[in-house]
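Labels run A, B, C, D and E following the written order; every chain starts at residue 1.
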């Protein structure tokens, strides 16, 4: 039992239990209107799931998140690598990078909608445009810190571009890619909400904003929590096993 | 041929949705020779983007927006939709009796410093009591739902908010200190003015004249129905987000009060007066280069029709 | 006895027929470094190599010796084309050659298994090569699926050696390949290297601090001066490899010690 | 001249020139209302600067950005290090991390305003809360990739906590800190805009929203660009010299 | 001659008076590793050390020898307290001792200068120590402000040696400290080490593959078996250090080669 409690599942369970307790206390402190308790939130979520409303909006949002994520990460990886390895690419790209990095999400979204139209491509493009510079910046740091010794080895043994990328560069970038992915997924989801708020007729962001207008905190929390649960699930069931696999070469801690 | 489609941007829980829903449900669109396609949006920002991007044909906004866009060469135009406007709400037991009593207190303001209600209240305070609300109160500009909430928990002494938030507050022990219509009257309006209306592109409307005229007619018919029939409201109730009967009844009452009844030319004349006052206070930031209400802000086709 | 000691110029010009410096590029496997400077982190520059040039006769075994920090690794890096920032030239044949190198550190990919580390270095036409013999030779067959972090340093060095041996290069550059290995293992690997060199047309250049090792393996020694490095002397060893043991080797060593006091065993 | 053009300043200048050209072309293509050209945008910016309006809002926003940045980075650094180094801390913190990572900015802001009040502390806290998990995630990857060899050396020579942190850990985390800072500053600024939009009465976000309501793209672009210019300046004049100093030990490229 | 070769048990019990294994912990500087296992990345476990124990008599100089990959570095890590995941025990005296170590790789902080790398390792009471003598001794005074990436591997190793020498430790653990150095430099540093050891009360344990080096420096050799490692034999060398050269040393080496054929020079 003791080992279960200090094991990975036990500790996470403790942590989640603490969270629920804090939540219940907060709901007593602030009252059910401003901070509805877990029971009422989950009841609402269950109702919305049963009605099919929540799964519909969730699916739409997830699709947008995935599309924007795939676009942003692949472009960010390419630009980050280029800017990290080549001084010329870096000097040329820097002003653009800083521009896009600091362009408010709102502006990018509005301009994308106006210039491209109020449609799905504009939405996804706007989200991706918001995320690309973040991914670029992170990957660029990784590319700058690449081990020159291994690069030299790869050159001597004639690895060529693809082999070097796959076997020498990407494994070194793994922690940077992991950081960019995790914080990127979160950022994308934040921006998808804004995108949905400004010009889509469905998705979780749309729903949350609707409920914000009528100040239904319970509904807002329900939609948020379902998404967070999905992310927790993806993290535990997909990302972490993948990461363990990618990191199996690291020396096991004593 | 198929009936022409009119895409109208609506907020799901917004008041416009009630009218649009009624049109569709009762087949008023088909009756007037067009097909109405509601585009559900999450906020008024989305509406502004949508009309600029040409992805919706009609949204609901105010004549300030229309006039400014016209001045900059975008031929939007306006058909009155409702005379319901915002008001400053205070708790029933507040000692405040007039705007002057708000001096020094924290006042929430929906829609930002360029909101027409807020500007009218500032003008009114200037006229009647000789002070600038913006200077002598602490305005807190925030999203409308916050304001209602912050008024409830006492962080704000008063809040200038939109009518459907206020209708709710009225059932919870809050009262109107002063409303937009009060202010309008003080500036010489001869009756209630329609602050918001259906906004669309004039050029588009010229190409789809029959459909747009049909839309206006359908809107009238829906208003008539909602103005008289309680059954029509019962059907809408689930989408009104009214927690209890009192709120529901108050929303209905306020909606009915807000149905515009005056000829458009009369409204336009009143609006011009008010516009000048607002332009003086809001300055270029508010109106852009147009110091007076841009000609054609009210849809000329309707005026001719009358 | 067995060691033909030659002054530098004689060795180069007389014995090997090196053309004039400005024509060095045409010749097979020649390096001419007029100057190699490094920028220091705190500004300033240091000259590490000045007027260093030599020629590797194809299919010979050359040892490069010199004090710690004199520029041996730098020279290898220039030959490998990893450092182009020097004045001088490397012959086209050298630029085109297929290299294998054992660096001073193992330089294995930590995220690839021992086997993959070797296989990745193979040119495409050898992709399917059976690695069992070379892994057996370095006694690491049992570790073929292990990751480098699971190896001791000596084992990692053996993997690096196996990698270099298995690509069948034209030129093999070795930077102190046999350190961190117990003598028995090192000897076995030295034999392996000799066999490889004798069985295939490969040109070997090996950096070492171990004069005994050099005397046993090399056809020729090139000794560098302290920095800025240049060739302080070269020596041909014509004694056949088979005969280099016991008394003959001792004699050779004494000869060498006499010629290059700085390489003294003790 | 040639070397100037391929030098860092020359390349950046070229890049900025290309940007301006693209902008002018876009402004012809979309018309001055949907995409006002650089001249009119800068004229507007100059006017707003002269009137003191822009500097006022800019200063306020920058203060908020700096405060939130300082809070978020120091907390993110601490939690990231802890979670990266200790399995127990990681297992305990993970659910909270994912919760905060994926809590929509809107929700956090709304709850902060509701629970703390419509004031400056709530605003800054809301922004910091949005950024902390991102910083944590990035730093945690860095902490996981720390070189065990150097850590062992530090232990053998009895470095102690502070010395290890300062001389062994932080220099290794430098690229991760740089990535977290750059993308963090950008993220914070994006969220500050939302915070200002929802419940503050000044700041650039407030102004942008104001102009958005009257659909004045020129003003929106002017405010955005001034901020981007400030960031570009900070990047070139402060961050990069600092980085060059921190990285002076890296081997110079040949 | 000079090398007193003892069978393992005799050496431990007879000569050094080691108590029974279960009381080893009380004794000064003793290590007893009953078993050390590593988890392999692809599941499974390997036993690397089994029943390895020895005692370091304070102020002696011990050399640890053994085939590549047998567990020498692992043993040092356990002694240094860097690996607690083994069954067995390390004596409290050893746990408390102030260590210095030269690892098998230089392990310098790349972002700190040579001087800072040494100074950071100094205990607080020595913080202001003048590092010129030790830097002079390793011939790197000119490089005191250089960063490790500007050094050759041999130079980096010398910095690591200087760092270990300057902390004035109770116990000095050296993992092949003199590889990658030319013989002259290596010899100078060996002398330096001897001097340090003779002038201060320090206990030295040095891993080496160089039997000649061991014969010159050590009081005692501990030879490990192939994995799972245990002590294959120990040898005391009672010949005074000053006398270990020329013929005497050769004799010693022959003796050792006879005793431990696996350490054979050639």
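Here is the rule we go by: a contact is a pair of C-beta atoms (placed from the backbone, for glycine too) under 8 Å apart; a residue touches a chain by one contact, two chains touch by 3 or more.
Keep in mind it's a predicted model, so treat the numbers as computed, not measured.
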**Complete:** Those chains that touch chain E and also touch chain A are C, D
**Request:** Write down the pair of chains with the top C-beta contact pair count.
**Result:** A-D
**Fill in**
Taking each chain's mean CA coordinate, chain C and chain D are separated, in whole Å, by 50
**Asked** Taking each chain's centre as the mean position of its Cα atoms, how many Å separate chain A from chain B?
**Response** 38
**Interchain centroid distance [CA atoms averaged], chain B/chain C, Å** = 85
**Complete:** Multi-chain touching residues of chain B, meaning two or more other chains, are 45, 52, 143, 149
**Message:** Can you pull out the residues of chain E that are in contact with at least two other chains?
**Reply:** 38, 41-42, 82, 105, 147, 149-150
**Multi-chain contact sites of chain A, meaning residues that touch two or more partners** = 34, 110, 114, 205, 209, 212, 248-249, 251
**Residues of chain A that touch chain C when the two form their complex** = 149-150, 152-153, 155-159, 163, 167-168, 171, 246, 248-251
**Asked** In their complex, what parts of chain D are in touch with chain A?
**Response** 6, 8, 11-12, 14-16, 19, 30, 34-35, 87-88, 91-96, 98-99, 101-107, 110-111, 114-115, 130, 133-134, 137-138, 140-142, 144-145, 148, 175-176, 178-180, 182-183, 185-187, 189-190, 193-194, 197, 205, 208-209, 212, 220-221, 224, 227-228, 231-232, 235, 251, 253
**Asked** Which positions of chain A touch chain B when the two form their complex?
**Response** 34, 110, 113-114, 117-119, 196-201, 205-206, 209-210, 212-216
**Asked** For chain E, which residues are in contact with chain C within the complex?
**Response** 38, 40-42, 65-69, 72-73, 104-105, 145-147, 149-155, 158, 176, 179-187, 209-211, 245, 249, 262-266
**Item:** Interfacial residue positions of chain C with respect to chain A in the complex
**Value:** 77, 80-82, 98-101, 103, 105, 107, 109-112, 116, 120-121, 123, 147-150, 163, 167
